[in-house]
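Structures are listed in the sections that come next.
Each of the next two complexes has chain A plus one other chain: chain B in the first, chain C in the second.
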Partner chain A sequence: MHIKPFKDFKNDKIGVTGLVLILLLITTAILAPVIAPYDPWDYSAPAFQPPSGEHPLGTNDIGYDIYSELLWSLRTSILFGIAVAAIACTIGLVLGVSAALIGGMYDMIVMRIADALLAIPTIMILILIAAYFKPSTIVLVIALSLVLWQTTARGVRAQTLSLKTKLYVKAANNMGAPTSYTMHRHIMPELFPLYAMGFVTKARTAVFMEAGLSFLGIFDPTTKSLGIMMSYAMRYLYLDVWWNWLLPPVIALSLLIISLGFISYAIEEIFDPRLRRNNATPI
Partner chain B sequence: MPLQFKNLNVQYRVSGSPDDRATALDNISIKINEGECVSVVGESGSGKSTLALASMKLLAPSAVMTGQVLVGGTDISSLSDSEMETIRWNDIAIVFQNYGDVLNPVHRIIDQIAEPLIKNGESRSSALDRSRRMLDYLKIKEGRDVLYPHQISAGERQRVLMAMALITDPGILVLDEPVASVDAITKSHLAKVINEQVDAGKAVLLITHDLSFVPLCSCRCEVLYFGSILESLPSHELLDAPRHPYTRALVRSFPMMERAKDLAGVRGVPPSMFSRSSERSCCIFQPRCTQSLGDCSQKVPQAVPREGAGSAGDDCGYVVCHRGGIATMISVKDVSKSYKDLLVLSDVSLTLDEGEILALVGETGSGKTTLAYTIAGTIKPDAGEILFRGRSVLDIDRKEFAKTVGIVYQSPRDSISHRFTVFEAIAEPLQIHKEFDDKSHGRIKDALREVQLPDDEYFLQKYPHELSGGELQRVAIARALILAPDLLIADESTSFLDPSVQAKVLRLLLDLQNERGISMLFVTHDIGVARKVSDRIAVLHGGDIVENAPSHRVIANPEHPYTKQLIGVAKGGS
Partner chain C sequence: MRNRAVKMVAAYLLTILFLLFLNFLLPRLLPGDAIIAMYSGHEMAMTEEVYEELVRMHGLDLPLHEQFLTYITQLAHGDLGYSYISNAPTAELIMGALPWTLLLVGTSFILSAIAGIVLGVESSWRRGGRFDRSLLTFMLLLDGIPSLALGIMALMIFCLHFGWFPSTGAMTPYSGAEGIGHIKDVLWHLVLPLATLTLSMIPGDYLLIRNSMMLTIREPYVLTARAKGIKKRRIKYLHAARNAILPFSTRIGIRIAYIITGALFIEKIFAYPGLGCLTYSAISNRDLPLMQGILTVSVLIVLLINIVVDMMYKKIDPRVENAY
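And now, the complex of A and B:
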């Protein structure tokens, strides 16, 4: 069955909502240095100012502008999500395809590692790593990528194995096509839904994990992130600052995760024929 | 009395052709002994009738003849018209091709038959009496002898012409298409008459396009093409074992009773005799041949002894071909293949000729697909070897060899990627072989037209799921043929299609095979389909070839019990 993903996506209201949201969030994050009224790492007003014309969300315990902090934190979270998703998907794709094509001992080793990673709860590993080494953001990105590739690898491997036996791939081989040709013309495009899905879900997991780890305080305290903002806000809840200090990062994080969720839901529906609402496509 | 042509050349003076000559016969040498009948076959325009007329010195004034025509040892080319008069009808007689105007419309047929006898001084009553007996001998009903030519049927007119030739009892008989207008019963009677004349010691030159008539009454057959003899062979081998691609094409075009394969004419168009200059530098059949190589368009082929079906030492005639007659394209020698413990092919040997359609028939799991892909070079045999035009397939560069083999698969839905448009699907082989360029668009459109599909931009951008099974299989055929392969493998290519679409796709495959002159390996489990499409059927059973013979013979006289069962089941038995 032939699928036109972009056309189908355009017709999917949930997917489009998610996409519009994430584009808004990304634009905001990109424009943070321009639209943030103050330097979030610098004292701009007395501490605990309530929201006002000058400080839309007030100031925090050491007099930083919360609105500016929020914009910069969003930037960190999105970058973190994209970086982890890109690295984890690439690792998963390379390992999955190579395992399927090479097979044998190599395949077995790669797949056993993937199984082990699936069995061990990744958040525990990360908490341990973070607690012990107090890693920088880049190290944390790499660490998270290294424990998130397994689902993509497994899916890609299974799909590649099945594609290898497809008659049109064999036909191309019989026409004299080298492996590089079948890879780029037949296998890679067919794997697109897998890594599109993997990318979005991994970005979501990464954003969520980053927030969680920061909230727990195991994160580089000099960076700005939504989790760290929440963590600090929690300490001053008794001052009744929850609505202007705690709620904004919570809403931003929720919007980010919901938009990614919407997109992954739409992609899944487009590529999995069993989930399609309109099943009347010709076979 | 023997008739012999020695290095006979006949040219017609025609203005407008190269050197103002049109060659009708080129260096023809045929010897017909007493008590022998030699037939000459060929398409119209091949020079058959010119040969008949030359034997009687009846050629048109515009004809220029060189070489010798020996009638009983006398070279008639130097004889004057009055000397010829004495030879004609007495020593050599001709039965003209039966057109409406060969008999005199104002005389009764009996008078026309008796005319030469009366001219020779016989009494009228005895001449008429002998003529009447001759008509009786040729099975013309009593009372019809007094009719005029327009009152009798074409078949009867043919026999009247025959009677006119036989009445003077000449030593040499030249028959020009004697059975073209007669029914089958009369034909068999005429065959009997001719055989009796041969037994009586006459030399008979039989010119015909009815190939089934040739083995009935002649012992040798000359295949004439465009003024040259391409093959000379024993008549009984004409239908079963032709060795020249032209002879085979001619036989394939002829509706034989026992043969079920669809008829196909000789590919291409016959050359115009006006285009032929007297000096030639290539094989004349080369443009229409199924196996021409570089040499064929460079040099004139010489006659080589023919490999006949008879025992060694027999004169099996000769064949005029650079490649020594129909060449073998693929020969499979003792090939074995097993998957783990499962033996799929055991010591299989098989050949596939150039331009031949071979059907591999067998039940599922009999190893036919494995054999086909082993031949295509995509499966490596465990033992044995496969030669392609004399070279081992494994020695030929894999990519290079893939270009010479086109494959059409069982299910077009699976064999064409659902993400490819029609254009991309057909362009794929060109891209793989780095032949995709500015001209490819036109090439792809041509390919679509060839498989009878629309070639507009709208169709080119359609996806497989928008096409029907039959349309998609045509796209697959176009894809398989875009690189102009020498061998086409059809792996159950029509078994997914409904009967009507299957018939159309089969028709298309056969037409393309014939038009391109390529070899085809037709893998099928359906012996009924194999019977309709193939020249030869090889039956595979349990990894062995249990039967391998011309299709009509396999169907009519299956030898192996398995083949008998296959045919029995196909006919609706149990």
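And now, the complex of A and C:
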């Protein structure tokens, strides 16, 4: 059966919804400095202003414009997600392929580390690391990437092992093609779905972790973050400001994670032929 | 089978090594001084005497291998260190919080697994139908709402707006209720944290079961069972689901790690006095010994559950016995 990823994706309503949503959110995040009406690090009006024409979502406890804060926080979340996803997937790809190609002791060590990582509550490790090293976004990006690579590595390794034994790869080898050639001609393209899938799911985890960790107070409190907004707004629940202060970051975070979830679901449907409805489609 | 056992033991050992690295080696490898790093957040006068006293107390004046030996011996005796912030042994603090977390996480795990399995089986049986499509969309939406957001929304709606449920704690303090009244009170406080944690876990279970069910209902033995005229419910749950559940049971360990993470936020939101709340206070007080203790305990719990699941796996899938 031949898979035409882009055409299939276009026909998948859930996937298209997710993609449109995420593109909208990313555009908003990129444009944040332009469309944010106020500087989110600066006092712009008296505290606890209700929403108005000048302040679409009102102001917070120290007079910052909530709408501007929201836009900048979205930017932080998306940047964090992309950075972690890119680093973690690359580590996973490199370790997975090398484990499959090198094999032996190296393979065993890499895979046992992957097994071990799977069962540890990642967030506890991040909390501890953040406590040792003091909150720094870069340290947390790296720490999170270092604990998220294993699912990709495992998938990539299994796929590479099975591809290695395929007739056309063997044929290329027998005709004297160097490993580097079979790698980029035959193996890498086949690994793309795994990479794409890993990227989206890891971005999703990273966005969630960023919000969660900043909600718990681990991040640098001067960065704008959805989690920090939530944790501050939670302190003023009794003032009845939750609908214009607490709710917006909650909705923004949910939309971001929902859209990534939709995309990963669509990718899985398209690339896992076993899940297709009509398995018998002719070429 | 032996191959599998060796692999698992290796993974467990690595996990424990990693834990030791995080708890023992990393603080000692940090650039600068461990004592300064540990106590820099606290308001105390760091005089020469205090500093030396602290160094001696933590045994940092001993050579590294002796420090390690002391650390391991203490750990083996259940001594997780001393929290100077709360002025209590870390183990004691953790043991006070652990039962609440176990109650919350355990109940939620069982409820979400049952709901996920039943909904997943029913959904895949009606694949492409209206029930399946609407449930799938709902689950994907629910899956997208992080436990953090779900908890905050539940708090806003049911505690603040309607005032139906209590917003903090695990029981009413000083109520003096005994017996049935006490149990009722505890359950009353459990409802919202449990509901949000369970709701956030269901979609994962559901999607997993739905996918694996979809593959099993195509198997010839399902067709045979239908041809024999066996009742639908029997085929669904005893023939197909029995096999579709396997990928679920291998992922129990991962799901436990997930659910502990979820509980961390839910407990903080509802001020439920479990490990999550304890972690939060450890973070805000920069209480490193307490954080290390919580990490140790949670990793050990996850490992223990994994070992139990591994031992039970033979029962769940008798084929693995002959597989190697």
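The working rule: the second predicted complex is superposed on the first by the 279 of 283 C-alpha atoms of A that agree within 3 Å, B and C clash if a C-alpha of one lies under 4 Å from a C-alpha of the other, contacts with A are read in each partner's own complex, and residues count from 1 in each chain.
Please note the rule applied: a residue touches a chain if its C-beta (ideal position, glycine included) is under 8 Å from a C-beta of that chain, and two chains touch if they have at least 3 such contacts.
Only a predicted model underlies this, so the values are computations on that prediction, with no experimental measurement involved.
Peer 1: Please tell me, clash or fit, for chain B and chain C sharing chain A in the overlay.
Peer 2: After superposition on chain A, chain B vs chain C: fit, no clash.
Peer 1: I'd like to know which partner A:A177 touches here: chain B for first, chain C for second, both or neither.
Peer 2: A:A177 contacts chain B only, not chain C.
Peer 1: Identify the partner contact of A:I257: answer first if only chain B is touched, second if only chain C is, both if each is, neither if none is.
Peer 2: second
Peer 1: In the combined three-chain arrangement, what's the angle at chain A toward chain B and chain C (CA centres, steps of 10°)?
Peer 2: One gets 110 degrees for this angle.
Peer 1: Which partner does A:K166 contact after superposing on A: first (chain B), second (chain C), both, neither?
Peer 2: Only chain B; A:K166 stays clear of chain C.
Peer 1: On the A-aligned overlay, A:L31 touches which partner chain: chain B = first, chain C = second, or both, or neither?
Peer 2: A:L31 sits against neither chain B nor chain C.
Peer 1: State whether A:M234 touches chain B only (first), chain C only (second), both chains, or neither.
Peer 2: second
Peer 1: So which one touches more of the residues on chain A, chain B or chain C?
Peer 2: Tallying touched residues of chain A, the top partner is C.
Peer 1: Applying the touch criterion given at the start, work out whether A:A116 contacts chain B, chain C, both or neither, answering first, second, both or neither.
Peer 2: Once the two structures are laid over each other on A, A:A116 reaches chain C alone.
Peer 1: Once the shared chain is lined up, is A:F208 touching chain B (first), chain C (second), both, or neither of them?
Peer 2: A:F208: touches chain C, not chain B.
Peer 1: Closest Cα approach between chain B and chain C after superposing, in Å?
Peer 2: So the smallest C-alpha gap separating chain B from chain C comes to 20 Å.
Peer 1: Once the two structures are superposed, pull the chain A residues common to the chain B and chain C interfaces.
Peer 2: Common to the two interfaces on chain A: nothing.
Peer 1: Can you name the residues of chain A that touch chain B in the complex?
Peer 2: Those in contact with chain B are residues 1-2, 166-168, 171-178, 181, 185-186, 189-190, 281-283.
Peer 1: Under the touch definition given earlier, write down the residues of chain C that touch chain A in their complex.
Peer 2: 7-8, 10-12, 14-15, 18-19, 22-23, 26-27, 30, 37, 127-128, 137, 140-141, 143-146, 148-149, 152-153, 155-156, 160, 207, 211, 214-215, 253-254, 257, 260-261, 264-265, 268-269, 279-280, 283-284, 286, 288, 291-292, 294-295, 298-299, 302-303, 306
Peer 1: Per the contact definition, I'd like the list of chain A residues that touch chain C in the complex.
Peer 2: Answer in residue numbers: 14, 108, 112-113, 115-116, 118-125, 127-129, 131-133, 208, 211-212, 215-218, 227, 230, 234, 237, 242, 246-247, 250-251, 253-255, 257-262, 265, 274-275, 277.
Peer 1: Residue numbers of chain B touching chain A in their complex, please.
Peer 2: The touching residues are 373, 376, 378, 398-403, 405, 407, 409, 411, 414-419, 428-429, 431-433, 463-466.
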